[in-house]
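By letter and in written order, the chains are A, B and C; residue numbering begins at 1 in each of them.
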């Protein structure tokens, strides 16, 4: 197995022998080990039910919200175990964007962007808050479109705009890693393209892990790609290499559409 | 063969009974109250604090009972709120879909099944001596004692609605807040409560409506004093309890006054319940 | 884009975690407090009430004060029972059901058949308001209509009318909800077979929804069993067993009230309350079982 895995110098994230099960013995993720490159887009692909979302959600310890999910193994962020810090601290360093855009409906656009800080009880001056909101919205290319409606609630925004708002909300913390769980699967092709362009821009300053069921998306924008099947990490390589010359037959089967 | 139209008309005709009941209730109560209103004037009656059945000097007014009703019901709501809200959070958020939550839920439902008179008895034999012992009120009667029992009685009404509303808040919103580093309590206050706000308000309004009309438990604990309550532990009477207490051999002007109070009680509970239902229909 | 770490590393995470735990603790404590009354009440009823329950309890009428006083003085169980209350309650529940059930079923079906129409919505709203009317007010109404108007004196009929009005909204709403839960394909199947409208209702819909309807009826009965205030204004009470609806009658809650007011009968208070609660709870459990089988 090891020769099918990518070796990375100074990875931003290291996953070591990670196994995740529902209940006592239903394993969704089996013994996964991988290093994630800094300032790059790493895609996790695979057919439905292969465990890619489960793997992603372990990285910011979301599974701890659900008592019947058991996690074994280690994950390190910049050489520090994620279990050595509180989840509140961890989730400022590792942000998450979800499949369906979920801005908080009772908050205005401004409040949504700064929500992370407000929820964490930070006492920031108004000028500091303004700056964070402005720069986050600029980074996602939304500022021009909403700058006159910052105090309105976001329900008039289109799906793509709402998702960019959610990304801005995550960027406000300037996290080290951004986890994205199929962020464009609920969006139309135009919005999808906009967000894909955004991700390519963002990787200059952030490390992005992108779960996607759309292999062309992975091919378009990711630098490295993991292929998962039935809970195992089958292959992990530079994207171009994996797509042109997959090492495992299962990978090849998936990429050529034999199953999926 | 009986035609469909005939049946449909029969159904519609039967519904008229509801209209008739309402009209009949309004008519009978207004007619019964008129002697009192004529004697004391409508506003005179509502604001008067007299309650004097002596022959020749009869004078009645509703103010002490309106005050008693409002104070006990609000007190009940204030005491009920933290208890009912915690219980709802326990059942619908912290221990959602677990066995212990359904046990708790069943126990709360049982609270609604206890007859009013049994609450009155329990309050009388258990709570009242406690209050008396703590030195707050001579014999333990009064606004606080009845408000406390009232609070317990309305908890199931508040929780059943808030349980539903809280569990309807979408998981993805909660996960978004968690992913930003919020603690569970912060998720509750920043996402769940704002999202459930109108449903919660409606639930408590309906619980209030229930408290306003409660009779037996209050009658047994409030001390049957026809005065505006002077303090948290003073005795008093509510609109419902004065009707029960004074109905005895009421006749003539006294009976008419009691009917007038019944009319006021009817109006107040109808309005409060209508407001609660409107909020539920509109927002939840 | 500069990287600025605005969140201080010396932050308040620990304080927030502490608040979080304290809040959770408070929620648990208050929830336990909330259910403690029911446990305390049932416990007290059992401890104080069981001893007075015997064969006589169900079949003899309440003793008079002298008998009770003698028994208490001698440390004996008070003789007699609540037979007059039990029969009175039974009588009034039956009469109230006869009045309320048919009409409520019909109105419930009417509401079901007329979803969304303005007139039906009005009826539904009025029904909801009726549900919120305090029982003591309904007692006043029954007093005016029946005690003054029909029987010229306190009577079981007046009590039954008050109880019937209480049952109406409960059965109407539960009928409508039950009908709504029946899959529309069943109704359509009947229509497709050319079954006339009233037969579809009587022979198809009502049998399909039978358990739901039963649940609503049982719950409404359990609701009125414990009502005292309206009966105080309408049926007054009686020391004998009575089946004449034009005369005053006793009822279990009324007897509890009488015992409560009489210092010699205190023991009977607990046993009759225990009996009443056991009855109400049993009905509720049966109703829940039926409704669970249904869904």
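Convention: contacts are C-beta pairs under 8 Å (C-beta built on N, C-alpha and C of every residue); 3 or more make two chains touch, one makes a residue touch a chain.
What you see is a predicted model, and the numbers here were worked out from it, not measured in a lab.
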Among all chain pairs, the one with the most C-beta contacts: B-C
Chain occupying the most central position, where position means C-alpha average: B
Subunit A and subunit C, separation of their C-alpha mean positions in angstrom: 54
Centroid spacing, where centroids are CA-atom means, of subunit A and subunit B in whole angstrom: 50
Centroid spacing, where centroids are CA-atom means, of subunit B and subunit C in whole angstrom: 16
Sequence positions of subunit A contacting 2 or more other chains: 88-89, 92, 120-121, 173
Multi-partner residues of subunit B (each touching 2 or more other chains): 183, 186
Residues of subunit C touching at least two other chains: 16-17
Of subunit B, residues touching subunit C in the complex: 1-2, 4, 7-8, 10-12, 14-15, 17-19, 21-22, 24-25, 28-29, 32, 82-84, 86-87, 89-91, 94, 104, 107-111, 113-119, 121-122, 124-126, 152, 155, 183-186, 188, 209-210, 212-216, 219-220, 240, 243-244, 247, 258-259, 262, 265-266, 269-270, 272-274, 277
List of subunit A residues in touch with subunit C within their complex: 86, 88-89, 92, 117, 120-122, 124, 128, 132, 135, 139, 173-174, 205
Contact footprint of subunit A on subunit B as seen in their complex: 170, 172-173, 175-183, 186, 190-191, 194-195, 197
Residues of subunit C touching subunit A in the complex: 1, 3-7, 11-14, 16-17
Parts of subunit A lying in touch with subunit B, wherever the complex brings them together: 60, 62, 65, 87-92, 95-96, 98, 100, 102, 104-107, 115-116, 118-121, 166, 169-170, 173
